[in-house]
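A short worksheet on the structure shown next.
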Amino acid sequence: MYAVEVRDHIMVAHSFKGDLFGPAQGVHGATFVVDVAFFRDALTEDGVVVDIGRAGEALKATLEPLNYKNLDDLPQFAGRNTTTEFLAKHVFDAMAAAARDGSLGPGGEGLVRMRVTLHESHVARAWYEGALDGG
Amino acid sequence: MYAVEVRDHIMVAHSFKGDLFGPAQGVHGATFVVDVAFFRDALTEDGVVVDIGRAGEALKATLEPLNYKNLDDLPQFAGRNTTTEFLAKHVFDAMAAAARDGSLGPGGEGLVRMRVTLHESHVARAWYEGALDGG
Amino acid sequence: MYAVEVRDHIMVAHSFKGDLFGPAQGVHGATFVVDVAFFRDALTEDGVVVDIGRAGEALKATLEPLNYKNLDDLPQFAGRNTTTEFLAKHVFDAMAAAARDGSLGPGGEGLVRMRVTLHESHVARAWYEGALDGG
Amino acid sequence: MYAVEVRDHIMVAHSFKGDLFGPAQGVHGATFVVDVAFFRDALTEDGVVVDIGRAGEALKATLEPLNYKNLDDLPQFAGRNTTTEFLAKHVFDAMAAAARDGSLGPGGEGLVRMRVTLHESHVARAWYEGALDGG
Amino acid sequence: MYAVEVRDHIMVAHSFKGDLFGPAQGVHGATFVVDVAFFRDALTEDGVVVDIGRAGEALKATLEPLNYKNLDDLPQFAGRNTTTEFLAKHVFDAMAAAARDGSLGPGGEGLVRMRVTLHESHVARAWYEGALDGG
Amino acid sequence: MYAVEVRDHIMVAHSFKGDLFGPAQGVHGATFVVDVAFFRDALTEDGVVVDIGRAGEALKATLEPLNYKNLDDLPQFAGRNTTTEFLAKHVFDAMAAAARDGSLGPGGEGLVRMRVTLHESHVARAWYEGALDGG
């Protein structure tokens, strides 16, 4: 199995509901360094998993509505705790849609898996990995 | 599959038995930066894989008996080479017990896999990954 | 010149005032990985610059009032843009006070310089470096 | 499953054929930091996955014919785009051969998987992971 | 002294003249991860050293003529060994010009020092640090 | 001022004397990732600060007597606490001698400063920086 992975980041505010979260129930924030890995069984004719340039642009377009925002204010997250692992799945779904609609360019049609990792500090990270429909 | 990963570290001495180890047959030491990844099929009601705070405390409690020790002196390791990969399994087993006994808090009961990675330098690391009984 | 450096982190929300900041004028957030370097001309009798354990505790105590907070709500920052470089100076001043009042333990009395670095992402960081009064 | 991973690097020139590659169609270059992970179901009698010293030497021997070269000039790559993902597979095949011919020493005979990761910058990497014949 | 640092990267080919360079006398290549640090005695009215957005754009504009190129073909480098340390000075001079001509925006006029670091691998880097004319 | 920096590592055991060190008074160990930075006012005729290959070999030769050892057993450290900052100075002195005796090759004669950094974990490091006699 082949994979390529690209990186970008966002800087967001949010708060969590639930005693579990202790002081993180208040409005605080995070830098999430986001890695998206694309998996393919074979390389394309060009010798790639996916066009790394287009993949990076699709990631930037996915992250743009979140960047520099208070996630508590975004309707798509209403009533949800935007934990690192929850956000990993959110980015995964958006990138999976990008793969389906052709935004990733050549190679995107044959992707079988993706993994989205969010690094929240030098000591913690979370990720979501799953199969793609077209895989 | 969702995952969260937390990091801590230990500074230990040890020696190895066997020609394979060359100069590492003498008493030397290592800093092991330890990552533990917890895998779960779905998020909890709170939207997490596991409580990252409790996970970090469980990891610290697991590492504490080893930290600042000469592993050659610890009865639980008698007759064993405490290689990086061996220690990864040791930490895995202790953290699996923590998941079983509820020490990880909400989410711990539904963990399906764990992976324990020990970074021994900027050029080498080892890990053990396995399913959890309750998975 | 000798130096030792310790690391911790905070996760905060804030907003900036001024056209310069573009989308960062809205409430957003950041993880700041914080490094504090202590400089001393000679080692203490124990052979250290400063007690690394106490230095880490002093750093944690300095960061605690900021961690998981919206910095816009803190009176000590009223009317100020809590930029990365501004916060580096804030942490510097607090750690300098810790050096003066003996909180750093042996070695703290002879520190001549400090540098506080805040890493805000994998592509940006800021720091403040200055002499200490007692240096 | 146990794993150990070792790291080395190469500095190469190359060019790509195909509109997909835009400015990378010209002769340019890359530093590839190369990680090779070896997977084994159980540890050897010595308590290792594979001899980390021999593994590192085998990796260095594998990389040596590529290091400081223009890959466009190497007959083994004629007519191919030496993309990061393609090179990951090239290194994988060479290291798999090393496992088969005994170059990895004790442990090499029982390896079940390998993964070769090439980091091309702080924001991009690629890898190939696969089962080994003897696994 | 305050500082902010931004990061970008280039992927280039080149060759070196001189026995000193051994196998690096052939055409090979490198990824250079480039950090530029800007130093200022005091913060601007906005509370920054320099606009991090503009600084990043100025760095990208500086690196663009080199990115994906064979440096041996560029007239500005004719007869020179484009070593990591030489390139650090090249980027320094271009960024210093950007500071002088106002491209860095508010804060750029008061910069007193800059440092340009090029990371060529996980085990080697080089930098050039110097005062700025307007400092 | 120009600089180049090279990296290597050692894995050692040791113990400390003094209440200050708490549990680290027992025999424990560390991986020290060692960076040595060489500073020069101008580049050599070849366009380098110092030959990076020879610098790396000199560093390896300097570290070899310590690697895989219990530092408590080495006569050159008798009666001393081999703290991270102490060891930084030890490596500095040995590398300064290498610069003086010509082991660093061309460029070594004109070095004006050096800095030796020992990273002991992902959260702590120490360094010694000083002028060279011949600077």
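Think of it as A, B, C, D, E and F in the order they're written, each chain with its own count starting at 1.
The rule is short, and it goes like this: a residue touches a chain if its C-beta (ideal position, glycine included) is under 8 Å from a C-beta of that chain, and two chains touch if they have at least 3 such contacts.
Model, not experiment: these values are computed from the prediction.
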{"item": "Contact-richer chain pair [C-E vs D-E]", "value": "D-E"}
{"item": "Repeat of interface E-F, chosen from A-D, A-C or D-E - more than half of residue-number contact pairs shared", "value": "A-D"}
{"item": "Distance between chain centroids, defined by C-alpha means - chain A, chain F (Å)", "value": "41"}
{"item": "Distance from chain F to chain B - Cα centre to Cα centre, in angstrom", "value": "31"}
{"item": "Junction residues of chain F - those touching two or more other chains", "value": "7, 122-123"}
{"item": "Partner chain E, residues of chain C touching it in the complex", "value": "16, 18, 20-22, 80-86, 88-89, 122-130"}
{"item": "List of chain D residues in touch with chain B within their complex", "value": "1-8, 43, 46-49, 51-53, 56, 105-106"}
{"item": "Parts of chain F lying in touch with chain B, wherever the complex brings them together", "value": "7, 9, 11-14, 23-24, 26-33, 67-70, 120-123"}
